[in-house]
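Below: the structure, in structure tokens.
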Amino acid sequence: MAVATTTKTGARPSWSGRRPSVPAWAGTVPFFAYVGVFLLLPTGIVVVDSLKNPNGSWAVSNVTELGNPLVRGYFIGSLKLCLLSSVSGAVLGAILAYAVASGNPDGVVRRLYISASGVLAQFGGVTLAFAFLVTIGPVGLLFHASWYYEFPWGIGLIYTYFQIPLMVLVFLPAIDGLKVQWREASENLGSSAWQYWRYVGGPLLAPAFLGATLLLFANALSAFATIQAWENQIAYIVPQQISTALSSEVGLSNVNVADLLALGMVILVAIVMTGYALLQRRAARWLR
Amino acid sequence: MEGLSRHYGPVVALDRLDLTLQPGELIALLGPSGCGKTTTLRLLAGLEDADSGHISVGGKDITHLSAAKRDMGMVFQAYSLFPHMTVRQNVAFGLRLRRVSAARRDKRAIEMLDLVGLATQADRYPHQISGGQQQRVALARALAIEPQVLLLDEPLSALDAKVRAQLRDQIRRIQLEVGITTLFVTHDQEEALAIADRVGVMREGHLEQLAPPTEVYSRPATPFVAEFVGLSNRLTGEVRDGEVTVRGRTLPLVERDVPDGQVVALVRPEAVTLASHTTSESGPLVGTVIAVSFLGATSRVTVDLGDTTILAQLTTSDASALPAGSRVALTIRPDPVLVSASSEPAAAADEEA
Amino acid sequence: MAALASVGETPVPVTAGRPSGMQARRRRRLNAFRYVVFTVFGLFFIVPLLAMARFSLEGAKLGTWSLSAWRQIASYQNTGIPPLLSAIEITLELAVITCVVTLVLLVPTMIWIRLRVQWLARTVEFLCLLPLTIPAIVLVVGLGPIYNRIQHYSLSALMLFWVYVILALPYAYRALAAGLSAIDVTTLAEAARSLGASWFSVIVRVIAPNMWQAILNAVLLTAALVLGEFTIAYLLLYTNLQEELYAISRNTPNAGVVFSTSLAALLFAFALLLILSYAGRRRRGRG
């Protein structure tokens, strides 16, 4: 009883007759081609061009331009803002996540806050900056914060607005992973609430917390739209400098400035994300 | 524990329960899920609050004492070891909370691990040891703090059958060695009967019977107990003058003063014996074998009597002479039986595997 | 240390009403904490939105109310910038195209990998999560030359979809992966194949319908992403919704229509995600 089959992407099916041997991985070619052109190629272009002069000749020494004090200033600016928003976002987000986690698993409040977090984490950019402008800006409805245009405080607060929901989304599963038996066993053995958190709950959540903080850091590092809408006359952070470099001919020196800065960013984010991945693995083992 | 009541909204989990544990004894609470046995344990541990009633230990009322201050050791069903600590650190945790010095802590931890036979695994992490070993560590951890009472919440339910049997005996041995008052909750009647000094059968928040295992088994106090613990055949019979007649045989009763009339008698399979029946006469105790279940040393034989089926338990060698289809004659040993007036099965809930 | 855990003489009734034990007390403290937290954070998140709403309802004179900002969504245009409505249209079209392309690209690939080429799973996962590490701002630097070529063929802003799909990959991948892992892909596929289905049918008619919640999730996340995207459109000099709003605000500061549009988009996305969470419930498990 022969089963007639048509093979769309030319695999070597085990239960059909002789077929021309197109390997199974051929089915993934469209994906790899697409990602290759629109993700890997641009990244490659960035890396390669950053090591070249504008006239096209190789200049690997360009990398040392990253040490240029002006460039350093932008990176420090970025780091300041990212540190501020990621730490505050992490701590506040953890508190909120705990409040959500300790409630009814199917309740309305939980659902509401998770959906809200899903939306607000994406709600960065221009609209967020506008929202804060009319809340605490010069014509703010709530009050006028004199520090609104100060770097990194004003923009840091705005960043926190989307960092907290992201923290909730990322950290909530970890809190959920704290098994109730651990709390009960700890109590049974004589611990107070404080002792439980200090010896059991805290250490168990630590990797997940640190990992989440790193993720927030990387998230802040990459943000551009928000700060651009907040204040586009002065460039404080690397993405803004990249934007300036792209839209003007005058660079810092002979170097493909935008590419170099982009390269610097990639390296930084890669380091942070690696840290995140490692911490995630540890957290997953305990809190699965 | 006296007069303990606990309800969750409209659901009554415990209804005025009274229970006393003697020093050093192991009481097993047995019952189907939802009967309140775990609630009882958790109330004793302080992990839940009673709506009314009192709990006292050694004469001291602890009803309003927090869980952390009660001097009890608890072993949970699963997942209770702290994954970020080694076995040794887990066992020593309770002592650490009591500010025992590191040296003494360590010594005591190793002592406890020796007791459960896991001293060699002291520096492993929980995810590196098997489920049975994890529960032994949990036991060591609970005993390390020298509690007054040991509480075990279905500690074997999450384990493989083979491990379960071994561990059960080991727990009993340790309990006797240490001499600690213990409350053991389970839904597995074999477990309960095997290790307990007394068994408490619970149902819907009530304690139906609290007695040594042999008594619970052979002199069940209620039909529910009779059907939950061990198997029973339900046979119609007639009571007259303190005895019941079942299918032509007269059997004594567990309770003398049952009014005359129609009843359902609960007869244990071991009380039914079979013999090959070669003559062609039929009768109330003659039937055909339908099925034989091989259980190792014994076998359970299902016999069709025409109007009902009956289970008999024989040694396997005896059962092998009576394969399916053979005609057999039954005798019922005159053990005292329990009768119930209702025709509904009392233990309606399915037993968990 | 044996202990007698015991019964007393007569049961002493305890007052009915509020449970008074330790656990109940702890629960009450916890609830108080939770209410405080939810209120404080709720305010923090709502107030800017309310401010936006207030601004969007501002009339010609301060303190008056007017729906003009909302009506302007359909009609706003000014010198030097394209009409708002066309930007909205383009963005919505982009969202649709991006969602479709993302699904067409990812769903068959992921299923195929699950079924036939498992050794590629790690690689694909890595590539899909890579856009999280390569921020849009970096990507756009390298995209310059590529989009130069694309603009030979089409100047439409819809061409942004090529890179939007990449941006959506991490979110769509995670949503789809969660859906895939919840069903037994291999068994379903084998059953379908043994009944004579082609691979195409297996993917489209058997597996995909069984992960509709994950697909819906991926679609909504992608749509939210497209609606909120600014960086790449801005730097590649295209006009989409966010870029348009930015341009309007530079052009006419405090234009009410900026706020009304933002709020509309936000509420839209929130409603969708809320619906999604109800549609896909009962999937979380505890411990």
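Each chain carries a letter (A, B and C) given by its place in the written order, and its residues are counted from 1.
We adopt the following convention: a contact is a pair of C-beta atoms (placed from the backbone, for glycine too) under 8 Å apart; a residue touches a chain by one contact, two chains touch by 3 or more.
Being a predicted model, the structure only gives us computed values, none of them experimental.
Colleague: If you connect every pair of chains that touch, what shape comes out? Choose line, ring, star, complete or other.
Modeller: complete
Colleague: Give the label of the chain whose average Cα location is farthest from that of subunit C.
Modeller: B
Colleague: Looking at A-B and A-C, which pair shares more C-beta contacts?
Modeller: A-C
Colleague: Taking each chain's centre as its mean C-alpha position, how far apart are subunit A and subunit B in Å?
Modeller: For subunit A versus subunit B, the centre distance works out to 54 Å.
Colleague: Centroid of subunit A to centroid of subunit C, CA atoms only: how many Å?
Modeller: Distance between chain centres, rounded to whole Å: 15 Å.
Colleague: Of all residues in subunit B, which are in touch with two or more distinct other chains?
Modeller: Within subunit B, residues 46-47, 66-67, 79 contact more than one other chain.
Colleague: Can you tell me which residues of subunit C touch two or more of the remaining chains?
Modeller: Those would be 287.
Colleague: Can you tell me which residues of subunit A touch two or more of the remaining chains?
Modeller: Residue numbers touching two or more other chains: 179, 181.
Colleague: Where on subunit A does subunit B make contact in their complex?
Modeller: 179, 181-182, 184-192, 195, 199-200, 203-204, 285-286
Colleague: Considering only the defined contacts, which subunit C positions touch subunit B in the complex?
Modeller: Interface residues on subunit C, with respect to subunit B: 1-8, 11-14, 16, 19-24, 287.
Colleague: Which residues of subunit A touch subunit C once you look at their complex with the stated criterion?
Modeller: These residues of subunit A touch subunit C: 3-9, 11, 13, 15, 24-25, 27-28, 30-32, 34-35, 37-39, 41-46, 49, 92, 95-96, 99, 102-103, 105-106, 109, 111-116, 118-120, 122-128, 130-132, 134-135, 139-142, 161, 164, 176, 179-181, 193, 218, 221-222, 224-225, 228-229, 232, 239, 242-243, 246-247, 258-259, 262, 265-266, 269-270, 273.
Colleague: In their shared complex, at which residues does subunit B touch subunit C?
Modeller: 1-3, 16, 18-24, 44, 46-59, 64-67, 79, 146-149, 179-181, 183
Colleague: Going by the contact rule set out above, which residues of subunit C touch subunit A in the complex?
Modeller: 26, 30, 33-34, 37-38, 41, 44-45, 47-49, 51-52, 54-55, 105-106, 108-109, 112-113, 116-117, 120, 124, 127, 130-146, 162-163, 165-166, 169, 193-194, 196-200, 221, 224-225, 228-231, 234-235, 242, 245-246, 249-250, 254, 258-259, 262, 265-266, 269-270, 273-274, 276-278, 281, 284, 286-287
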